[in-house]
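A, B, C, D, E, F, G and H are the chain letters, set down in written order, and residue numbers restart from 1 in every chain.
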Amino acid sequence: MKITVNGATYETGAVTLAALLSELGHDGAVVATAVNGEFAGRASRAETMLRAEDEIEIVAPMQGG
Amino acid sequence: MAGFYGIDVASRFMIGTAGYPSPAILGEAIHASGAEIVTVSLRREGAGGAGQAFWDLIRQTGCRVLPNTAGCKTVKEAVTTAQMAREVFETPWIKLEVIGEDDTLQPDVFALVEAARVLTDDGFQVFPYTTDDLIVAEKLLAAGCEVLMPWGAPIGSGRGLNNPYQLRTLRAHFSGVPLVVDAGLGLPSHAAAAMELGYDAILLNTAVAKAGDPVGMAAAFRDAITAGRAAFEAGPIEVRDMAEPSTPVAGTPFWQGAE
Amino acid sequence: MAGFYGIDVASRFMIGTAGYPSPAILGEAIHASGAEIVTVSLRREGAGGAGQAFWDLIRQTGCRVLPNTAGCKTVKEAVTTAQMAREVFETPWIKLEVIGEDDTLQPDVFALVEAARVLTDDGFQVFPYTTDDLIVAEKLLAAGCEVLMPWGAPIGSGRGLNNPYQLRTLRAHFSGVPLVVDAGLGLPSHAAAAMELGYDAILLNTAVAKAGDPVGMAAAFRDAITAGRAAFEAGPIEVRDMAEPSTPVAGTPFWQGAE
Amino acid sequence: MKITVNGATYETGAVTLAALLSELGHDGAVVATAVNGEFAGRASRAETMLRAEDEIEIVAPMQGG
Amino acid sequence: MAGFYGIDVASRFMIGTAGYPSPAILGEAIHASGAEIVTVSLRREGAGGAGQAFWDLIRQTGCRVLPNTAGCKTVKEAVTTAQMAREVFETPWIKLEVIGEDDTLQPDVFALVEAARVLTDDGFQVFPYTTDDLIVAEKLLAAGCEVLMPWGAPIGSGRGLNNPYQLRTLRAHFSGVPLVVDAGLGLPSHAAAAMELGYDAILLNTAVAKAGDPVGMAAAFRDAITAGRAAFEAGPIEVRDMAEPSTPVAGTPFWQGAE
Amino acid sequence: MAGFYGIDVASRFMIGTAGYPSPAILGEAIHASGAEIVTVSLRREGAGGAGQAFWDLIRQTGCRVLPNTAGCKTVKEAVTTAQMAREVFETPWIKLEVIGEDDTLQPDVFALVEAARVLTDDGFQVFPYTTDDLIVAEKLLAAGCEVLMPWGAPIGSGRGLNNPYQLRTLRAHFSGVPLVVDAGLGLPSHAAAAMELGYDAILLNTAVAKAGDPVGMAAAFRDAITAGRAAFEAGPIEVRDMAEPSTPVAGTPFWQGAE
Amino acid sequence: MKITVNGATYETGAVTLAALLSELGHDGAVVATAVNGEFAGRASRAETMLRAEDEIEIVAPMQGG
Amino acid sequence: MKITVNGATYETGAVTLAALLSELGHDGAVVATAVNGEFAGRASRAETMLRAEDEIEIVAPMQGG
C-alpha cells in the first residue's frame, strides 16, 4: 500500500511499523518514529498496524545547535 | 558548579554540534571547549543510516546530551519531536525551540509556554529557548521550567548581547533560577560580558563551528566563560567618570616640581 | 608569543603592583595572573627603607620589571626618573608616562614624544603610555619607540574601551608594531575585546588590585586575555543582520507541516 | 649645612652624596639619587660634593601601575 | 502626514499629560509640542470633581485624546477601563496597557493580545503598548490592531532605545503598519534616532513633564521628531570606516609640496 | 545666541559648501539649513575662472564665510593658504586644518598648534579642527584660539560621536570656551546628541551634501541642532534603571483587584 | 445599605446607580461607572439597582501618559 | 622664461606677477597669489619681479567643508 515515509511517497508491503523499519533496513538502528504526527514508541511498533496514506516519520540523532 | 535539574556541571559552556567542517573537528572542538553538555537534534534517517555514526561520535565524547526541537513551528511538532528525542537519547532533557519567524528565528513565546507546560506535565525537564521578556520568563517558570535560556541576539547572527539592560533585569528578577544565554554570540568577549552579568552558562554553536579554526575558537570561548564567571565572583571595581592614579601619588620624586 | 624589544613572553598580560590589600595578596595576584612582566615605580625612600622589602617581594616573583614614570609632568622629571629607575631596576625598559592633566591623567603627547626621543637616544627601550592618536603614534615610532601603549580609558576609570574605532584604526596602521592597551579597563570582557581587535597585550592594575578578590580577578583577566587572543587567531564569524539556523533545516521532521 | 632631602629641609654634616646616604642609613640599600633634578649615578656619589641649598632626591623601588 | 485608523495628523509627536508642575505648564507644553494627539487616563473621581477641570483644560487644547488603560493588570480591568474611557472621552481610540510586572512596567503580552482581540471585536481602535517582540506584533495585528507601539525602554527610565536592532527589525517586517515608539525616551536625540529608523511617531510623557523646563523640552522633542523624520525621507549617507575629504582634493595649493 | 570671536549668531549650524549635486541645490541647502556661517576653500584658478561664479553664489547667501586650509599638511602650507584666504575672503577667520594622515584625515596636532600660534600672532582668528585631546585643546587656547572644533569622527565617515566620553570631558573642562563638533556626523540624532552634551555648534558638510535630498537633510540637521540645544537648556531627566509610571498610580480603578 | 465606592466602604440610601451619583454630587459630571467590575453605561444608570456589597467604580478624566 | 604656475610648467613673457595675472586673464578676478610658497599680497604684485623657475600659486574661492 502507499504511505508517506519522511515526507516521500513509499510503496510498502509491511503491515506493521516494526516490519516497515526492517524493510527499510533500520533494524537495530537508533531511530524514533511517529505515525501521523503522533509519537510511536519503540515498544508499540510491533502492534502498530499501517494504513494506506499513513504519514510515517523515522528520525535519528543528528547534529544540532 | 552550575546545576540544571539537579545535575551539577563544572563547565558553564554548552556547545552545539552542528555545522563543523568535519566530524573529527567537531570531536576536537567539543574536547577543547571543556563542555560537559552538548546539544543534538533529530533528523529524518535515510537508508544510509548517517545518524548512527554521528550518535557513536557523540557518545564517545562522554558528554551529556541536550536534544533540541530546532525547526519546530507548532506546539504539536515540538511535543512529538521531544517525545522521539527522549526515546532516542534516553534523557528527559529537552531544549525547547518553537520558532515563530524565519528571518530572526525568534521564539513564538505563546507556543513556547504552551509546549513547555505540556512537556513538563509529561515528565520532561525543559530548557526553553526564549526572548528576554520578563513576563514570558515568569510564565515559563510557572509552567514548570527550572532553567531559562534567553537569546543574546538572533541565532547565528554573531551580534553579541543586543539588549544587556534587559538581560541584567532578568538576572536581577530570577536570582535563584539558572539562566543561560543561548544564541547570537560571536566573540568570546560577548560570552564574558554575559557571565559578568551573573548568567550561569552560555550555549552557542555557530560562533565556534563556523570560525576559521573551530577548535581554537572553542578553547577561546571556554576561557572567556571561565573568566566572566570568575570576574562576577571576584567583585569588579565600580566604573568611574574621572581617572584615579594606580601608582600612589605620595612620595613622587620632584614633588614640588610637580606643583 | 608576544615580543617587546627582542624579549619574547608567553603571557600577554602585564600587571601593575600598586594598591593591593597586602603584599601577600599582591604576590598571589601576580602568580594568578600568569604575568611575566610587572610594572613598578620609584618613590622617595624614608628611614624605614620600605622600598627594600617591596623590591625583595618583586624579585621573588621572577618577573621582568617595567618601571614607570608615573606622576611626572615634565620631560625633565620623566627623564631623570627614568635614569634613576634604570640604575635601581637594572633594566633599559621604561614605561613612559608624562601626565598633562589631573582629572583624566591624560598623557601630554607633546612632552611624551620629546621625552621618548631623549630617552631612546640615551639607550632606553621606551614603552610610551599614549592616547589613541595616530599621528602621535607615528611620532613615537619616529622617536625610536618599538612598542605603543594607547589608553583604553582614563587610568582607574574601569570604563573599558572608550573608542574601539580608533583602537582598530591604530591596529590597522601599525600591523608590525607591538600594541598594548594600557589603562581604563574594568572587566575581563574589556580585555578580551581589545585582544580580539588584534592587540598584542594588556596592561592593567586597578581592575585587579581594587577588586573584591584581587587574586580571583587576576585569574579572570588572564583567561580573558588568552581567550581574546585565541579568538583573534582563530578567525571569528562575520556579524550578520539576519538569523541563520545552526541546526540544519534539511531533514526536519514534519517538514510539510512546517510549510 | 642646610639642604633639601626628598622635599624636606635637612641639616647635614656630610660633604659628599655618598656620606649623606650613610648618614641617612641607606648604606647598601637599593636606592637611586638625583641632585638638583639631575640624575646622580651610584658610581659618582663619592665624588659628588654637596652644596648648601642642594635639592637631593633619594628614591627606592615602590609599587606602580 | 502620519495616519492612525484613518485619521491623518501633521504632527508625529503624541504627548502625555501626566506629572507636569502645573496645569498651566501642561497647557503650554502641549502647545509647544505641536502635538495633535494627547494621552489621557481615568481615575476615581472624588467629591471635589478634580477630573472635570482637567477635562476642560484638555478640551481647550483642541487635541484628539488617546485614553490609556494605565495600571491595569488583567484583561478584565483593561476591557472595563476601556469601555468607561470610550463613554467619557467619546472616542473609539484606546492606548492599551496591560502591565505584567511592577519594576519594569513591562507589558504582559499574553493579556495584551487577548485584550486587544476583545476590544477590537467590541469596536475599539486599539493602540497597543507592547514590547519589541516580532511574534507578539504579528498576533496584535491578527487581533485587529492597525497600529503598534513598541517600547524604547521601560516607562520613565529615560534610557532611550534599549534595542535598536530589534526596533529596526520590526520596522522592516511591518512596512505598511504605523509604528510608534512609546516610552523610555529621555532625550531628543533618542526620538530623532527612532524616527531615523523609519518609525511613524513618538509617544512620550516623562521626559517632557519632569524636565527642568517642560515647555522648552516639549519644543525640543517636537524639533527632533521633525528632524528624524526629515532625515529618514531625505536618505542619509552610508556610514564609512575610512575618512573621505569633504573639500575636493583636486586643485589643492602646493600640491607637489603635499606629495 | 552663540558667539565666535565677538560675532553673535542665532544659528548653531555651520555648513560646508562642498560636494553638492549642483550650485542651485547648494544654495537651497544653505538656505534650508538656516546657517549664518558657511565654510569655503581656495583652489587653483584656471583660465575658466570657475572660482568667480562660486564666490558670487556664496556672496548672495549673505552668510559669513569661514575659509578652511583643507588639504594642507605642513605649517607652511597652512599659513600661506590662510594668508591667501584672508585677502580673498576679506576675513580674519580661518578654519585651520593640518592633516596628518590620509586614511583618517586626522589632524596633526603638533603642526596644528604651531600653525595656530603663527596665525594668531599674525592677527588671524583661528577655528582649529582638532581631536578630542584635552592637552592639545589647552595648547590651542594658549596659542590664542578662542574656539575649539574637536572631531566627532573622521571627516565624511558619518559615524557620529566616536567618543562621547571624551567630548563630555572637553565640555566640562572648557566651560567658557565655544566648542564646535566638526566632522564625522551622519545623522541628525548625532548632532542632537552633541548639542545635548552642551556643545555650542555643529559644523558638517558631507552628511548634507551627499544625502539623497541635500535640502531636506539640511533642514533636518537644522531642527536637530535646535532640538539638542533646547534640551541642554531645558534640563533633561535623569536616566533611571527602573521604570516609573508616568500615569499616577493613585486612584487607579479596580485598585484592590490589582493587589 | 453598605456598598463600596471607589474602594471605600460607603453607606447609601440610593436605590439606583443614578441616585448614587446624585447623592455623591456627580450630577452632570463627566464620569463613567462600573458595577462589580462590569461597565455600566450612562444610559443604564437609572435602571441599575444597587445591592448591598456592590462594588462601584466612579471615574473621571485624569492626566495620563 | 619658464616658470611653474599652479604646478604646471609655463612659458611667460611677463616680468611681474601683475603682468602674469593679466597674461592669464585674471585681471579683476578674485584671486590670491603666492610665489615660491610665500604669500604675495595684491598690493605687492606690481613690484613682484618674476624669475625663471619661480613657482607661482594662483588661487580663487572654491567649495569647502
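The working rule: a contact is a pair of C-beta atoms (placed from the backbone, for glycine too) under 8 Å apart; a residue touches a chain by one contact, two chains touch by 3 or more.
Values in this document were obtained by computation on a predicted structure and should not be read as measured data.
Counting steps between touching chains, the shortest path from subunit B to subunit G takes 2. Note on connectivity: the fewest chain-to-chain touch steps from subunit A to subunit E number 2. Distance between subunit D and subunit F, defined via averaged C-alpha coordinates, is recorded as 54 Å. With centres set at the average Cα position, the gap from subunit C to subunit D is 33 Å.
Centre-to-centre separation between subunit D and subunit H, using Cα means, comes to 66 Å. As a whole-number value, the distance joining the C-alpha centres of subunit G and subunit H reads 93 Å. Those residues of subunit D in touch with two or more other chains are numbered 6-7, 34, 37, 57, 59, 62-65. Touching of two or more other chains is recorded for residues 16, 18-19, 41-44, 68, 70, 76-77, 80-81, 84, 103-104, 106, 155, 159, 183, 205-206, 209, 245-248, 251, 253-255, 257 of subunit B. Listed by label, the pairs of touching chains are A-B, A-C, B-C, B-D, B-E, C-D, C-F, E-F, E-G, E-H, F-G, F-H.
Against subunit E, the residues of subunit H that register as touching in their complex are 6-7, 34, 37, 57, 59, 62-65. Put simply, subunit H touches subunit F in their complex at residues 6-7, 24-26, 29-34, 37-39, 41-42, 57-65. In the complex of the two chains, the subunit E residues touching subunit H come out as 245-248, 251, 253-257.
Those residues of subunit C that touch subunit D in the shared complex are 16-20, 26, 39-47, 49-52, 54-55, 58, 67-68, 70, 76-77, 80, 83-85, 87-89, 155, 183, 204-206, 209. By the touch criterion stated above, subunit C contacts subunit B in their complex at residues 16, 18-19, 41-44, 68, 70-74, 76-77, 80-81, 84, 103-106, 154-159, 183, 186-190, 192-193, 196, 205-207, 209-214, 216-217, 219-224, 226-228, 230-231, 233-255, 257-258.
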